[in-house]
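Next up, some structures in structure tokens.
Common to both upcoming complexes is subunit A, partnered first by subunit B, then by subunit C.
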Partner chain A sequence: MQVIMSILSRLIQRLPRTVWNGRYWLTVLFVLSTISGNAQNPSLEYQLKAVFLFNFTQFVDWPAESFPNNKSPLVIGVIGENPFGKYLEQAVSGETKNGHPVVVQYYRDEEAAKFCHMLFINLPESDKRKQVIEKIKEEPVLTVSDASDFSIQGGLVRFVTRKNKIKLQINLEACKELGLVPSSKLLKLADIIEPGKTN
Partner chain B sequence: MNRVKLTEVLFKNLPIRKKLLRIVFLINGIVLLVAGMAFFGNEFYSFKKATVEKLSTIGKIIAANSTAALAFDSPDDAREILAALRAEPHIVAACIYDKNGKIFSEYYAGNEKSKFPPSPGPQGYRFSYTNLDGFVPVMQETLPLGTLYLRSDMGALHSWLGLYAVVVVVILLVSFLLAYILVRLLGKSISTPILALSETAKIISERNDYTVRATKMSNDELGTLTEAFNQMLDQIKKKDDNLNEFNQNLELKVHERTEQLETVNKELEGFSYSVSHDLRAPLRAIVGFTSILEEEYANRLDVEGKRITSIIKKNTMKMGRLIDDLLEFSQLGRHDGTKTSFNMQKMVKDVKDVLATQYNTGKINWSIGDLPNVNANASMIRQVWVNLIANAIKYSGKMEAPQIEIGAMTKVSEYVFFVTDNGVGFDQQYSDKLFKVFQRLHSAEEFEGTGVGLALVNKIITREGGSVWAESEPGKGASFYFSLPVRNEIRINHQ
Partner chain C sequence: MFSVEWSFQGFVSLPCNADFCNRLARVFSRADLDCNPILSIEMTNPIITHPLRSHASWTFVTLLLSFAPALSFSQARNKPTAPETLKKLTLEQLMDIEVTSVSKRPQHLAEVASAIQVISRKDIIQSGAKTLAEALRLASNLQVAQVNSSQWAISARGFDNVLANKLLVLIDGRTVYTPLYAGVFWDVQNLILEDVDRIEVISGPGGTLWGANAVNGVINIITKSSKETKGLYAEAATGTSLPGLGSVRYGGQLAKNLSYRVYGTGFRMGHTVDSNAVKVNDDWSMLQGGLRLDWEASDKDVVSLQQNFQLQAYYDHTFRDFRNNFTEDLKTFDIEWQQSYEHGHGNQLNYGLNLRMMDHKVTNLLLFQFLPERKKLYLYSLFLQEEVALVPDRLHLTLGSKIEHNSYTGFEFQPNGRLSWTPAKSQTLWMSVSRAVRTPARIDRDFFLLLTPELPFIGGSESVKSETVIAYELGWRSLPREDLSLSLSTFYNTYDHIRSAEPGPEPFFIPITFANGVKGKTYGFELAATYQITPSWNLRGGYTFLKKDLKVKPESRDINAGSAESNDPQNQFVVQSSVEVLKWLELGTLIRYVDRLPKPAVPSYTRLDLRIAFKLGKSFELNVVGQNLLDKQHYEFIPSSPAPRQIERSIYGKLICRL
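Now for the complex of A and B:
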């Protein structure tokens, strides 16, 4: 984790001073993402998102039943194309949540995704996303995605890029139904949405 | 300046009331200062501790609240959280560092933008001269996310210090005022008896009146002192009275005795005078009739009768001289002690010349030294010289080449005069007998005389404040000395 953060900081330090200004943030992200593309290093945007995913493990409490025992891992799953490269794995390596080691798993089909605690859904097709969400909607899995209709589809957390910043949208009601408890501090940062009502 | 001198300067010459006041002020001041400093130290320490605790609590709350903002990269939220610090005006600035030590969010109480430490320091709170700085780790559970930095100014401490100083000064002033009033009120119980005592002592020593008594005002040491003082006065008074009485009695007695003595002395003098005088009348008769016998009955007396008549006449005349000497001796007491300065040298020469007409002095080898002038009764001293020189002539008269030496020695406080002859001399062991009346070392047949002369010398010289003594060996002549005290005016006259 520390290694990654230092790499990240070094990367940021190398940027020209004017670029460090928030106004250019999106441009930088965009340029970086197009240049790097599917290359080994993920874009800065996904590096941040990877850190966010790990941080969710610290700001959300899962029901005790979701862990078979005290030592069983807290699993972050990624379904669809992996946008993080090795970055997410590096971010969580050695970290724990209440004694549960945090691990990353990559899934091809939604069946296996039932047994993770957090699932980043990186599926461009809306139908496929719907399919995955429907499959695990009874399980205490914190679903995360960038997709704009994710909340309506029943997803729990959505990354929103607004004013050059990554913002969070959380479907609190749905979380509570599944026994997931996001920290109030997290909720303070996030926009709480209720898809049942018109937004 | 050493301690003794300091206390002397502070207290020595002050009246007791001021001394008390000063002692109380000193003690009061020192006690208050020490107590004030102790309280101040304690308060200062607890205030600092409380300030740290307060800041620490605020720090913990802010740090706990800012975890999510750090975790999800939301400087706006962090700024909002930090903005809550506005409720605490002493926190002048705050910032949050991210995990990499970069400043993530800043807060300023005023418009002034202060500089933050470039990177977070070690955890904890530190006082600098103007600020209290603290670094608080921002952690979600066990996950370190960044560091919170808080800067509190010392305004609270400084305003508190000012207030404390004012309070201390006020307390000091009030307690000094109270101490002053209390000393004025309570100190009287100590100072009044002492002042009264010293006043009494002053009165007594000024007026010599031992009947004055100090008033006892309390039952403490001062009361005891007053009692002792009064008892002492009683004793002094008693002794003074006794002494006065004794003195009066003594004076009376001395007066009485003197009168008695004078009476007795007068009686005695009168007696000896009248005795001597009365004794001369029958003697004159004896001499007169013996002379008639010698002149008118010379042809009827044989040789033996004439010899006896001559013996009667000689002895009668001798008795007359004896009576004359006694008369002179007894009259000595009647002479007044008028002292005059006179020429001793001239007096001795006169005496020698006069005696030369009475005695056969043709053979005598005279040697007269320098004699100082003295201040004494001239006629008395003349009598002394007459007796001493006549003695010398008498006792050296039988020598083939009689010598008489007269001289003087000047000592520190007295003059010593002497008359030395080369006559028969006497045994030194009898020398003290010489100067008593009717004491003779030689028989009247051997050397004529009455035995009164040297006694007279002794009496006169003693009255003049001097002394008489003699040195001799049988057959080797004799020296008679007498001393007279030196008086300053004598020396002046002499010069």
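Now for the complex of A and C:
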């Protein structure tokens, strides 16, 4: 690192004065760069993941008692930064599961997340993720995340990007314990993993 | 791991008509290949005129038919696909969609185990670059120097020269080098930059995948499909170094699956100045027209699935008239097949076959000759590569080799071993050992410069072998945060059989003949970063350090003492800032520092380019671009001939209309 720094500093010393005289416009750029910009479209990766989440509502069965009544919604929750923009809402709009309309909710804290059916956890910090999982581990919530240690932490479904394609890992035992029943079709395509083991 | 390399469009170029396409589509549907052929026909016809000392030339590129279904998806990535479209797909199909070749999302870049830099269309436009060669200045892992108004010296990891021959350049999968000297005539590589999707610059050998000439790097220029360039685009510019530029492109839909674009572009590039800052007559102009048709056989929406095979072929015809009666006529036929086969848990076998025939013909001058005048160069190769997941998602080993046969040196082997370790999702550490070759070009074997018709002064030699490199690379990519990406690539290359010029017998020491008398090593590192400071402010930059140690071998008496093939800066860095200040105002800044060049000596310089863009309503835009603002003029490269030229400070304005 020292070598790099010394090279860089030597370089900077060798820069013609004009660059430093030009410092004012850099300042101008800094000042002018007002934080604006439209909500960005999600990348293809998250478009696909949003559609996967929708598909999970169709390929997983939740225990009947997780719905207060016949018309109550099936809730997909997102905790942490929302990577989908409006895309997930668009994907599920008008969709139902056995008569339950599918809706999306965004959560700030894990307390409220207890009452959803599926939770996409987009928290980069491992311990925060752990905290969320711990909080809802007794509830029939299908937890989904990209995090590599998600399964070890007790998460149920993990998106794995392999060869640039999205694959699934499902912790089947843990799903069953919570009364969540993934369809055989889903299981056929996913890697079934055992808690505590690597992956 | 090698997703980048596999990102090529597949092209088949055939003498094709609608009936033929239909037949072909039927063949493929009958074969049940679940394939979505895309036919691309591209024709360009540039005419160049240099008033004084150079040439006119035209290029004709024709008929490309591709089976690259995954591609249309990645190209459409800026516009989200309608959820309805994706929801129609089965889970299997969803799992089979490639997220992109090299996604803009840094997560994926983090997993790429090579020294790649991606220049996006946005980066190009915000830099104010006028030509493709100028746009390459954005890649900090390239040595880019303007020699005069139309000539450029561009290379990666050194060996930069007007006749640089260790870099492979592809435009939409089509190799654009000339077998004359295994380099690129940069003046004819003209595109409407608005229609470029991205430029991928890979430094380091790519011989295993791309074959000979990818010794030090690969530039992969990808233009948009005509499906993405619908409507009218027109631009007109003028300025101090650009007396005039005008382009019109129109794209549309002819039938449900058939889109097209036609374009015409023309410019006059301004002159450079000599050592006394007096202007010289090297200004030049170009007129170019082109047509591209993209046809998709399937009714599927933009969503199409990634195939495990690709077939690509093209035909390319270039004619260049050097205006002194020397002409070059090159016809290239190329066909390539690649297939991948997944087995075990995350293992993949890739293999491919490539056939290329280059029919190269020159008209010689009395004292400047390539013998024979016409030569057919055949190249065929087999490539085999196995990717093993030692620990799935963590540790990958890739072993492969290209076995290539060429008309000059016979069989060449270009193996590569690569290990990549992804300790966390945001980090990849990779190392690689590879061998690549630069096979002889016509200049090495067939060239004669004569003093009288009987007395050669410089002569090619039958004994010239391939130049070789063995490259050791170690790299690291990291994404400490969503908005920040860092990459460090280090390399240690050992070269052998580099071209030398050997004096002839006494007393006159002529003819001078080419041999392989130079060897040596280069080492250095490339540091690159991108930082999205705010959604509207993007910063990217890089620093490249390069050290060379070339020696003349004991048996050689190289007249240039090993220095002829390269003239490279030891340090260089690039910083680009692009800010969308307001909805109607953009500011682009490009700073490029290039260290001094040793021989012929060129002092170090710093370039500053500024671009201000005003959006006037929905469809109009006014750009004001200042280039090379820090110096009144400076040298960027001094060639052995013609005379050295300085590049001046310049400014131009451009009016753009998008309808």
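What we mean here is this: the second predicted complex is superposed on the first by the 157 of 199 C-alpha atoms of A that agree within 3 Å, B and C clash if a C-alpha of one lies under 4 Å from a C-alpha of the other, contacts with A are read in each partner's own complex, and residues count from 1 in each chain.
Please note the rule applied: contacts are C-beta pairs under 8 Å (C-beta built on N, C-alpha and C of every residue); 3 or more make two chains touch, one makes a residue touch a chain.
In this text, all values refer to a predicted model and were calculated from it rather than measured experimentally.
Visitor: For A:148, is the partner it touches subunit B (first), subunit C (second), both, or none of the two (neither)?
Guide: A:148 sits against subunit C, while subunit B stays out of touch.
Visitor: Going by the contact rule stated at the top, is it subunit B or subunit C that touches a larger number of residues on subunit A?
Guide: Looking at subunit B versus subunit C, the one contacting more residues of subunit A is C.
Visitor: Once the shared chain is lined up, is A:165 touching subunit B (first), subunit C (second), both, or neither of them?
Guide: Both partners.
Visitor: Mind working out whether A:43 is in touch with subunit B, subunit C, both or neither, as first, second, both or neither?
Guide: So A:43 only meets subunit C here.
Visitor: What is the contact status of A:55 with respect to subunit B (first) and subunit C (second): first, second, both, or neither?
Guide: both
Visitor: A:90 contacts which: subunit B (first), subunit C (second), both, neither?
Guide: A:90 sits against subunit C, while subunit B stays out of touch.
Visitor: Looking at A:185 after the superposition, I want to know if it touches subunit B, subunit C, both of them or none. Which is it: first, second, both, neither?
Guide: In the superposition, A:185 touches subunit B and subunit C alike.
Visitor: Taking the contacts subunit A makes with subunit B in one complex and with subunit C in the other, which residues are shared?
Guide: 48, 51-52, 55, 59, 165-166, 168, 185-186, 189
Visitor: Using the touch definition up top, name the residues of subunit A that touch subunit B in the complex.
Guide: Residues of subunit A touching subunit B: 2, 5-6, 9, 48, 51-52, 55, 58-59, 95-98, 165-166, 168, 183, 185-186, 188-190.
Visitor: Name, in rising order, each residue of subunit A that touches subunit C in their complex.
Guide: Interface residues on the subunit A side: 4, 7-8, 11, 14-16, 18-19, 22, 25-26, 29, 32-38, 40-45, 47-48, 50-52, 54-55, 59, 87, 90-91, 146-148, 160-168, 185-186, 189, 199.
Visitor: Quick one: in the complex, what on subunit B touches subunit A?
Guide: It comes out as residues 64-65, 67-69, 71-74, 77, 99-100, 102, 140-143.
Visitor: Which residues of subunit C touch subunit A once you look at their complex with the stated criterion?
Guide: Within the complex, subunit C contacts subunit A at residues 3, 73-74, 77-81, 83, 86-87, 89, 91-92, 94-101, 103-105, 107-108, 111, 306, 342, 346, 348, 392-393, 424-425, 527, 533-537, 543, 545, 571, 573, 577, 579-583, 587, 589, 591, 593, 604, 606, 608, 610, 630.
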